[in-house]
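Presented sequentially are two complexes of chain A, the first with chain B as partner and the second with chain C.
On to the complex of A and B.
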């Protein structure tokens, strides 16, 4: 392979947009053709510091799934992560893995199928999902879960509900955190001989004259977020680069490019390194991005604790059992079992935090004791001996609120909500037993649905609408799987399914040099 | 050159030996002298007053001697009150023992810390710290890099608090 060049210097769509300020739709076509051929050549690195077959960017679910599969296919693998800790958001997520038609579901008498999961994903995604990508996730979800259990060694012990799904299909790790899977993946990847390099940041991809990705420029010893830190190095990827670098929920500047409403007034549930430079680096190398405007806010975070916190694991467990009200009126205002976007939008429209509550019977049945204790200890969840006391604590009109709770309890008995059509579970009981648990809710930026365009083989698509040779992507760095709204628990499924595909195909790619 | 390579934020060496409230000096970090003997503040800090008035002379002292007044776990304990390198220095652990060849010092990797410190013992030692044991977590197990929290040339930080609200005192 002769005369590779660093693709940063190409006239990329992104740079063009930034300088010319034109609308994307009108200009993409015109920019698609000249991308590699006409660009000024950047010098080939004088030498590659390291050579591997497959370079994976990111140590979350997707990156490590790719690393494990690539190692199993006998490829040499280096995995880099810019942060000083491994796992990215995967290490701090809630540990719910959406999968359809699993043994665990069958054992619980839950009837489910990949078709139903796909239907739920598409409906929530406002049918903007790329159907073949969503279908791939739904169809391979059960196998991906089984691989995570039997091959990787993660343990899952319950099946949860998340808003927007038709049935309970979120298989949760015993740790109640994605760490339960990602730490096992890390162990597995290391045991298989993948080299894991933390604090190594992707700066830009290197492509040859035909636009094939041949490696990357990185900074080793990088100290987030100091962009001048670390030492430059070039990693040669003989077969392929897999981008599994996550989303950009914590990149205020970038997310405001797509959704100007998401100012720094909105905090995020994500780890601090959830910023978008790797996606941008891919775009500069000719990759296409899509649906970047769809940025999800989680409707279940509490303003009374930081980050993701404990409260989401209370809220999502009591949805379909307890009720959510507007404390200003003491009345329900939105379907508790609605999807994330519907609920977050409804709360933001209130203009102040909402309140969710459930009684002792429903709470202790549904909520993990460790999560419950965590939320009570940090004050984000409170408990009250009476409904009246709860009403007063949040300055609600007592009579109206008491009536609302009674009305909700009759719906729970009938298992039907004629007011707002909330899904009510068969085992839900009227909320009458003290103590009553309550938490305030205010949304946080949680997931970026958009990202790099990929096909069902996890190949990244360029602006000529053809796969970029030598570049794969998986997980939150990609777009299209979830459309407008990602359903809870579908991130783990997406990451593991497409991470595995990316790893397998990267290892199969013919080496360039 | 060593000085520039290793770090920039070195507060006054023994400013806190008395156990008075911490006040890192506003002045720039002094040039670092790799040959400074433990307790010899002036070797780096020159004429700068880094000890409170009336503090006993420290020249020639090592950490054990400091501990006679600054008893560990007491109000006067030094941990958390001055950058960790001073504690290492007072134990006789000089620059070279962590950074290697001082003409070309290297960044200290986690494994280097582990060549003296024992993770398992550390986890056990802090088992009863509230609200959580800081040396083991569901997210990163027992293998988190010491330097996430325990900085040697800058004020330590509580890495957990990016998301949590754990009121740890971080030495």
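On to the complex of A and C.
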């Protein structure tokens, strides 16, 4: 059923997407079927083409975590993905797994706890988070990381900081990409006997007369983004469907329904298939959506490269070491360790790209050599022999900027920023050693916090506020875990924690036929 | 069909609600039917009990505007309302109708324009407003006001200011209540032959196999909040259904899905029936909801009275004349003319009620005598012979507070607040004349900005981003007009403008059978 040729090297794919950009998704008419066919859940078909216990939609962190758990619970599992390559956004994310109270943190002397992680998540989320969902992620994050390491076989070798967290808790894969985990998950799911079907798109969920989800109408051999491609088929899910189909950052029309500002003038960091029609299919089957208007802009993308790019890996690593300035004034304007929304809003308010910089010592210590090379090679990161040269290259007032860097360095020495309250790390050193690295920053649509309502058992909640029997969801397709703002590294934790819960519970669901 | 006894005096009703409070709504299980019955639109019934052209749900500003327009276009109209009295929140609101470029404004020398109103709405809405919807309201506001005056017969006699607006544009009814308009609308709708059915609750919309809305399943003789009360019936809508059922401020479970902070510890200003199940019924029939997490807290309610109360009429009238202080410090803490969200957030941040005050001259000039008496009589507003006495009554540091009032009075003299940038009106005078009036303020849930997605023709948009044939919506049941924050007085404009559009277009819809 699975064509081995379709499982391309995810790391190659990531590089491809970084080079090629993902703008194609912006023009996709993701919801183009005629109204009559879309208006509700599909009726029970006369004939099912395939039968399984658990149907998982999506091959990212969440979908594959669900598939592995469901197989471990002896359920038959089919995983579908509409794209020609597996992994979704998980294959191109930064590979930072937020987890609290882990062995790796302890070895590094980092004091952390699920309570502190929950507090950080709730604060960033403007307390719109569903507390029981955020708590589930925080409390199970360390176990989910350990599962990813010891059972799935992914390797993590460092613990990074992300803005908005109180401590370093972003455990990064050795590959510096989510592909480091999702590739291993894919291998594991296959080894356990899960069937992975690529180019198979969810069209509608099938509900029985009581509203129980019993399967799905799909299109097989689908060629994204051609909505007319492929052949219709019905997959019967005896136990449950798990929706782990990701967000809608690349669906311009859909995201504009919730936040009309996000026109096609804003590009996205996401893979082209992040178009959200699976969330809409669930809504048409009675699933409640929530907080869809909280759409995150990544503050760390560069206008000088496409897609996610390399610059975010520079930015997030030098936060707390280097400084961010407004090139129009040469001065700092917002605390570098602020959360994503705060920083993106501050940059948009400037009306032009910001500039971030760090010297050789801080950069070499913090930034992965491969990422550094990638950014320098594509021109999104530049290096300079002197601070003055750097100032001139970006048309900054040289004196003001030099003075600003000096002042920042005194803050680094005293490990305290009395001006903007940036968190400065113990091992940060004054930025005095050439070369000096700098990148321009302009936000991109990065993550959609909203999605399907779920409870802590990953059951999808309907518009009648009751769980929909036979329907589970996990990851970016869901809403409520992160509230108004998702903190960096919390997506991997969310996906693996709730993917596992969804898979376990889907396998436990009483079969209907 | 209509029992004349059910049409009680709306002004009496308003007084009743002000006295009795509306906390009852908080415990209502508004979505209590079994899952199977609620999971989708209702199937086509074997027999329709009643047939009409246009079925309107809701007897507030929006529903009755739709009914009047649909009758004027010769359509048969039935208007249903689940409550025993008509008018919904419209009957208890403050009666302020935001409109730009009106004759009344011109007569008072107020320079205004739809462009300026749109700008104010978009700024307050954090630019989450659907621009074409906000523009429609702003551009048609003056015509809607004139229609309300000359055609419907409501009387407006003053133009008030509300926080967040650039100018005074809130045209207030002589009754100082929305009842002044909605009572006249009810008379007009009846005179034109619309049938008004109270105690009739929408249960589900009925859709045909193509998703077209063809009618509704209702419960007649429904006794709010008893979900088992009443008798099921099917109303056939040959042309269209217009949903004008209001918001969900009083549905604690529902509002917590979108904003989990809003527990039953927060009361509401709304009438008890503001429970949102009609919005959910539309979602179950494929209608898209949006921005449901933007739930407005009114910054001008008093903890010393229940429901909407009298104090808001004092507060909104003395903004720009009197001052608001933190009683813990005796100092001002936020600009009095800020928008609702800004002020509510600032008060919640204090952690205790704020205090607002004005002297006799400013109060007498601005506040309606009946409202003033009501507030004094129920104890929510108190009067004092001296500023010192007032300070002592609220345990404020007397010297600090006296100094603060003096400073405020210098700002009033110079018509400029260099400290917090409060807008001060030309006719404001220093607060020196006893008695001095003061009220405590603590926010209540007031308005739900989110709701059903509509286009500028008031057609409801489905989860497939296409209009749903036969379904229109207007007023608080819709989302997108106000974005993140609705400005005071913009609800009446929104309801009348979009209610009229919905009614006209519903009447024009081709009949299905």
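As a working rule, the second predicted complex is superposed on the first by the 470 of 513 C-alpha atoms of A that agree within 3 Å, B and C clash if a C-alpha of one lies under 4 Å from a C-alpha of the other, contacts with A are read in each partner's own complex, and residues count from 1 in each chain.
Quick note on the criterion: a contact is a pair of C-beta atoms (placed from the backbone, for glycine too) under 8 Å apart; a residue touches a chain by one contact, two chains touch by 3 or more.
Note that this is a predicted model, so its numbers are computed, not measured.
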item	value
Partner chain in contact with A:383 - chain B first, chain C second, else both or neither	neither
Chain A residues touched - chain C or chain B, whichever exceeds	C
Which of chain B and chain C A:221 touches, first, second, both or neither	first
Which of chain B and chain C A:119 touches, first, second, both or neither	neither
Which superposed partner A:306 touches (first chain B, second chain C, both, neither)	first
A:87 touches, of chain B and chain C: first, second, both or neither?	first
Of chain A, residues touching chain B in the complex	84-87, 91-92, 175, 177, 179-180, 183, 198, 221, 271-272, 305-309, 377-378
Complex interface listing, chain C residues touching chain A	31, 33, 35-36, 38-41, 127-131, 207, 209-211, 253-254, 257-261, 280, 283-286, 288-294, 453, 461-466, 468-469
Touch list for chain B against partner chain A, complex	107, 131, 138-141, 144-145, 147-148, 161-165
